[in-house]
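Per-chain numbering from 1; labels A, B, C and D assigned in written order.
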Amino acid sequence: MGITLEQAEAAIAAAKKKSEEVQVKMNIAVVDAGANLVAFARMDNAWLGSVDIAIRKARTARFFDMPTGDLGQASQPGGSLYNIEHSNGGLITFPGGIPIKNTNGEIIGAIGVSGSTVENDHTVAQAGLEAVK
Amino acid sequence: MGITLEQAEAAIAAAKKKSEEVQVKMNIAVVDAGANLVAFARMDNAWLGSVDIAIRKARTARFFDMPTGDLGQASQPGGSLYNIEHSNGGLITFPGGIPIKNTNGEIIGAIGVSGSTVENDHTVAQAGLEAVK
Amino acid sequence: MGITLEQAEAAIAAAKKKSEEVQVKMNIAVVDAGANLVAFARMDNAWLGSVDIAIRKARTARFFDMPTGDLGQASQPGGSLYNIEHSNGGLITFPGGIPIKNTNGEIIGAIGVSGSTVENDHTVAQAGLEAVK
Amino acid sequence: MGITLEQAEAAIAAAKKKSEEVQVKMNIAVVDAGANLVAFARMDNAWLGSVDIAIRKARTARFFDMPTGDLGQASQPGGSLYNIEHSNGGLITFPGGIPIKNTNGEIIGAIGVSGSTVENDHTVAQAGLEAVK
């Protein structure tokens, strides 16, 4: 099923470290290749509403094997995937979710981060996935 | 309730064949005249998030007896059916869902395809319904 | 992600064949190792309410890596897992769902069947999984 | 809102250690005093269906400030809280969820564990909460 708990926890640790550098408080979720939750952490005083968003971002990134922000560009009014967010019990299509690949380039899961600007969310997610060996 | 399993499976087989020609990996769903699922297939490594979307496209196409993309043109901001996607537990209104008619022109079900661009989704759905005799 | 579409379709074909032998009309669902739908078929005039049940049985069997009926024995009043059905958006814990293993004994997915007595449902599910090589 | 991420991660680490001793594979969730998720871990090859159950056990334990198994004794047919599981989007009332108190005896959150027998689930949850200082 792809990513191990050890890898997922390494991703979360790296994401927390980056969050502290950027001075933000994040919710961080990691799902496996089947889009099922493997690990999660909410930093102290991070937004409560971001628990669900972080998990949905991770799931969305694995559902379509692309960063969530890419999907969001096509789901705008007039876009080819307008209102795709209504599927799968609710997608999140702004940045902060990114697929995680192994060294062979195969997708083994995804990370989702929520708690700050979408730019910061994406930056922290990127730091997280880079810790996965 | 219209389409038979044999017809639905013929539609899915034709849709899979077209998908291979176009070199895409699709989720393909067929519903009957009651908008209830008859048959479904997810090609290996097709998007996981498209399971739900393919089924919703097929249902949406039968719910309103028109291609999903037609509905999506009226559901845009300012459009007459703005945000109709909120109904029925979640509609999908971009292309890829098409009603299926019998030789008398009566609607007997619908097909929904998801996994690539909406143009490819629609093309594969069209190939599927043309296999229904 | 475990089971391929080809394997899933072989399981469904075998389950349909067994259903015809037993003279029942079934809904048959196959999920992969991530509990995501791979293939589905509803035989003509099979119960509409069994679409959802067949899919939930397959998911439940993979969720807990055991036949659904085993889980149901522990979820009775006074049982150790009483009312576990309230989890995961709704489980089905009577017979008809069985995990599918590969030749190494690893679980690669599950099959769920609904449309007749639970004994017939289980028999047809068993016939389906035996077709997976 | 009570428990810190550091405390929650200590609880999960202790629960994992106990799981390895007992040779079981667990899903472990920790919620805060507001019943919102703080941390989660799924051990490799633990049941997928237990992701949701572990989280619900933790929430249920905090919702009613008692071990989930205590609630389950009153939710049986004829019991005073018969079918309370229907509330709150779905409760889990068999053992494996326990409130977490601080050194002053105030409830600061709860832990939920799922993946084995309810006795093992409870044992691992107990080991987790004892690690919270």
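We adopt the following convention: a residue touches a chain if its C-beta (ideal position, glycine included) is under 8 Å from a C-beta of that chain, and two chains touch if they have at least 3 such contacts.
Please read these numbers as outputs of a predicted model, since none were measured by experiment.
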{"item": "Maximum centroid distance from subunit D, chain identifier (CA atoms)", "value": "B"}
{"item": "Computed distance of Cα centres, subunit B from subunit A, in Å", "value": "29"}
{"item": "Subunit A and subunit C: spacing of chain centres that average the CA atoms, whole Å", "value": "31"}
{"item": "CA centroid of subunit A to CA centroid of subunit D, Å", "value": "25"}
{"item": "Sequence positions of subunit C contacting 2 or more other chains", "value": "34-36"}
{"item": "Chains that touch, pairwise", "value": "A-B, A-C, A-D, B-C, C-D"}
{"item": "Contacting residues of subunit A [partner subunit B, same complex]", "value": "34-35, 60, 62-65, 77-78, 80-84, 86-89, 91"}
{"item": "Subunit D to subunit A touching residues, read off their complex", "value": "4-5, 8-9, 34, 36-44, 48, 51"}
{"item": "Interface residues, subunit B side, partner subunit A - complex", "value": "47-50, 52-53, 56, 72, 75-77, 83, 85-86, 90-94, 117-118"}
{"item": "Complex interface listing, subunit C residues touching subunit A", "value": "1, 32-36"}
